[in-house]
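In what follows, a structure is listed as structure tokens, so that the remarks can point back to it.
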Amino acid sequence: MAAVTPPLLVTRNLSRFFGGLKAVDRVDFALPEGQVRAIIGPNGAGKTTFVSLVCGRILPSSGSILFDGREISHEPAHRRVRAGIAYTFQITSIFPNLTVFDNVALAAQRHLLDQKRVRPTEKTLQDACTKALDQVGLAQRASHRAGNLAYGHQRLVEIAMGLALRPRLLILDEPTQGLSDEEIEAFIRLVREIRREATILLIEHNMDVVMALAECITVMDQGRILAEGPPAAIRADAAVQQAYLGG
Amino acid sequence: MAFGPYLLLATLEGLVTAAVLALMALGLSLVFGVMRVVNVAHGEFYMLGAVLAWWVASFFGGHPALGFLAALVLSPIMVATIAFLAERLVLRRLNYEPEATIVATIGLLYIIQQLALTFYGPDARPVQAPFDMRIALPWFGYSGYKLAVIAASILLILVAWILLTRTRLGLIMRATQYDRETAQTFAIPIDRVHAGVFALGAGLAALAAVLIVPIQQAHYLMGHDPLLLSFIVVIIGGLGSLRGTVVAALLIGLSDGIISMFFSPTLAKMLATLLVALVLVFRPQGLFGVAAR
Amino acid sequence: MMAGAKSFWLHVAVVLVLFALNFLLPEYHRGVFSRAMVLAVFAMGYNLAFGYTGLLSLGHAMFFAAGLYGAGLPIYHLEWSAWPALGTALLAGAALALAVGFLALRTAGVAFMIVTLMFAQVFYLATLYFGAYTRGEEGLVLPQAARALPLLGWNLVLTDPPTRYMIALTLLASVLAITFLLVRSPYGRSLIAIRENEERMRMLGYNVFANKLGAVVVSGVICATAGAAYGLLFGYIGSGFASIQYSILPLLWVLLGGAATTLGPIIGTLFMFYAVDLASSYTSAYMLVVGLALILLILFFPKGIVGTIRERWLPWLP
């Protein structure tokens, strides 16, 4: 069944070295369209480096990345974003001095400008922003200064920016870090909604979130893929227990 | 005259330029390296050093050496004190934020220049050399004082090198340069280090100026060209590197002396500035520097 | 929408007040205002790069001078009339800004400041080196006959003070309208965002380099226009306008008026003109005033006049 359509994202032999450190070491990875995939692993396993290679924040030492069948490993980050890869930062990175609306509008106008059919008008921009803000539940706060929001809400602004790009692949880098239990509940509901529109690649430490959302889990350790499979199998895997789950 | 004497003369003049330039650029480089502050007023500290040297020297009568030696001691101290005050009153309050400090040092530049114009006037005035001796070289006699300047500069740079690499003070400065936060956790008084380094940098510029006033006269606009040249030296040598600074000063000093014998000085300056701008664009770590962390 | 309408009418009111002043001001002050308005256009161009995009250039004198010489040299040496000379001025400004931007934008922060400073210094030295054409610091006085703009059957004589005032005001109003529209457009929003968080913009799919380059070119062309207008209106072109001082002055005016505000550059320029004017009746220490103003502003008033007003009272000011 998965063989009919080629995977949305494929990496082959992907490596990135920092001096002598092999942060990502010959990783072969495939992500089918429409899946929610979690990447887990201990600190320093190379998860953030791996997704940074995918979205173009850093360039690979060797290997290739294919997005929708097209080689992208030498494209600059902004082109990859416009091809449909959105990245939300591990450390919240928003525009604190702008309003929440303007934050999301920057993402929405990028998407609207790229559609090339019509010039983005105040109306289309407004609609796109309202939609993204509604999804994360921040519509009421559109006119607030983003830097004045509570931390959990800033994380939601970050995600709303990702949504407003209307990506095909949404990369969430430790999205629940620092959130309260209720906020995590709401986040899980949000991702279940987003997955109808986009493929999701999730880096996450909170195993409850991973088990609730992921259809497939990739375990990384020391720059390599240690194991991959459905949640139940991963939970049972002895090697994973050893490396990560505290065996 | 044959080519040989020309070349020797140009080399000697170039060495004098390089000697003074190295001292001045060292000050600029220290301030940038340790404090991450681009001091646009550095040229004015140099000018102030020269003007104060004239003032001190004319205050002391008697043998010229007396006035010169007094200036050699007093002028750098006075300039360092002024720099110290400027650091305390202005730069520290700006938290050493790079863009704000550049704007502030530009302001400082204007203020010092205007004060020099108002109180010292628009005239160029010489300071008498401490001794007047000509040393016979194969083709011509050469000023003994100029050779002494070269020697003094070498000596001072050696002292600076020992200070930076062999003493506790140097260790503290290097620690601050490499990692401000860690330095702080080792109870290094960053605040005082900064004030001291800024004063030291200005003092070095003033020292260079005192050495040069018996050759060039003191004038309120004399800081402009040396500022540009020391920027060039620091950039080519790699920001914050002592060895790079000295090598680059030699290179620039010598080529300045030799090039200006063949080209118009304006063209030489133009090409040199353009070249340095391109170095900064394509090789920001300098020609001799190692790539930054 | 409300805020948009409010700020639109505020800008219209500012232009109308300046228009009325042409008939109210005594001769001397009309002259000061004419000069200040042309230089305010220079400041507005600078503000686009420095204020809105966060590119602190220390070399904008070269763009001003590119316009000045781009218009002045063909008039003086080739006996061109004003309109085509204005065209070469804009071309010169655009080409220079494109080249300088392309190189300098590979650097950031302090390196960007020094690189722009050095390119401007090269330009300044070039005006001295080609003294045979420019007469360096001494400069050139443009011939009376060339200082006229034929327009729709009229012949605007640029030596006539009221006409000069009106042309300066027309230029100021057009550039004000352009910046007003620009900073509220999606492009303007993305420039401000680049200033705030460059890495995030890249990860929102923006080509940060191209956007910055665009800002430098628009800024350079506006500054070149100001330079050309200055040459044509006041009839003198010289190396002094390419010197470092003319790179520092727009920075000072913009800081004083308020960086990243549309009206700040106008207010800052006028304010500084009169501060220097006032100071010079007590002392000849012009540089002292500039130096102190720079330090006091950056220490105690970094948002400038309009910036502070916006922060405290009128958050809708663009």
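So that you can tell them apart, the chains are marked A, B and C in the order they are listed, and the count of residues begins at 1 in each.
Operating definition for what follows: a contact is a pair of C-beta atoms (placed from the backbone, for glycine too) under 8 Å apart; a residue touches a chain by one contact, two chains touch by 3 or more.
In this text, all values refer to a predicted model and were calculated from it rather than measured experimentally.
Whose C-alpha centre lies nearest the centre of all protein C-alpha atoms?
So the chain sitting closest to the middle is C.
Which two chains does the highest number of contacting C-beta pairs join?
Top of the contact-pair ranking: B-C.
List the centre-to-centre spacing of chain A and chain C in whole Å, with centres computed as mean CA coordinates.
Going by mean C-alpha positions, chain A sits 43 Å from chain C.
Could you tell me the distance, in whole angstrom, between the mean C-alpha positions of chain A and chain B?
Measuring from centre to centre gives 52 Å for this pair.
Based only on mean CA positions, could you tell me how far chain B sits from chain C in angstrom?
Centre separation, chain B to chain C: 34 Å.
Would you mind writing out the residues of chain C in touch with chain B in their complex?
Chain C reaches chain B through residues 56, 58, 103-104, 106-107, 109-111, 113-115, 118-119, 121-122, 125-126, 128-129, 248, 251, 255, 285-288, 290-295, 298-299, 302.
Which stretch or stretches of chain A touch chain C in the complex?
55, 57, 76-79, 81-82, 86-87, 89, 93-98, 102, 105-107, 109-110, 113-114, 120, 125, 161, 165
Sort out for me which residues of chain B touch chain C in the complex.
36, 38, 90, 93-94, 98-100, 102-104, 106-115, 117-118, 228, 231, 235, 264, 266-267, 269-270, 273-274, 276-278, 280-282, 284
Any idea which chain C residues touch chain A in the complex?
186, 189-190, 192-193, 196-197, 199-208
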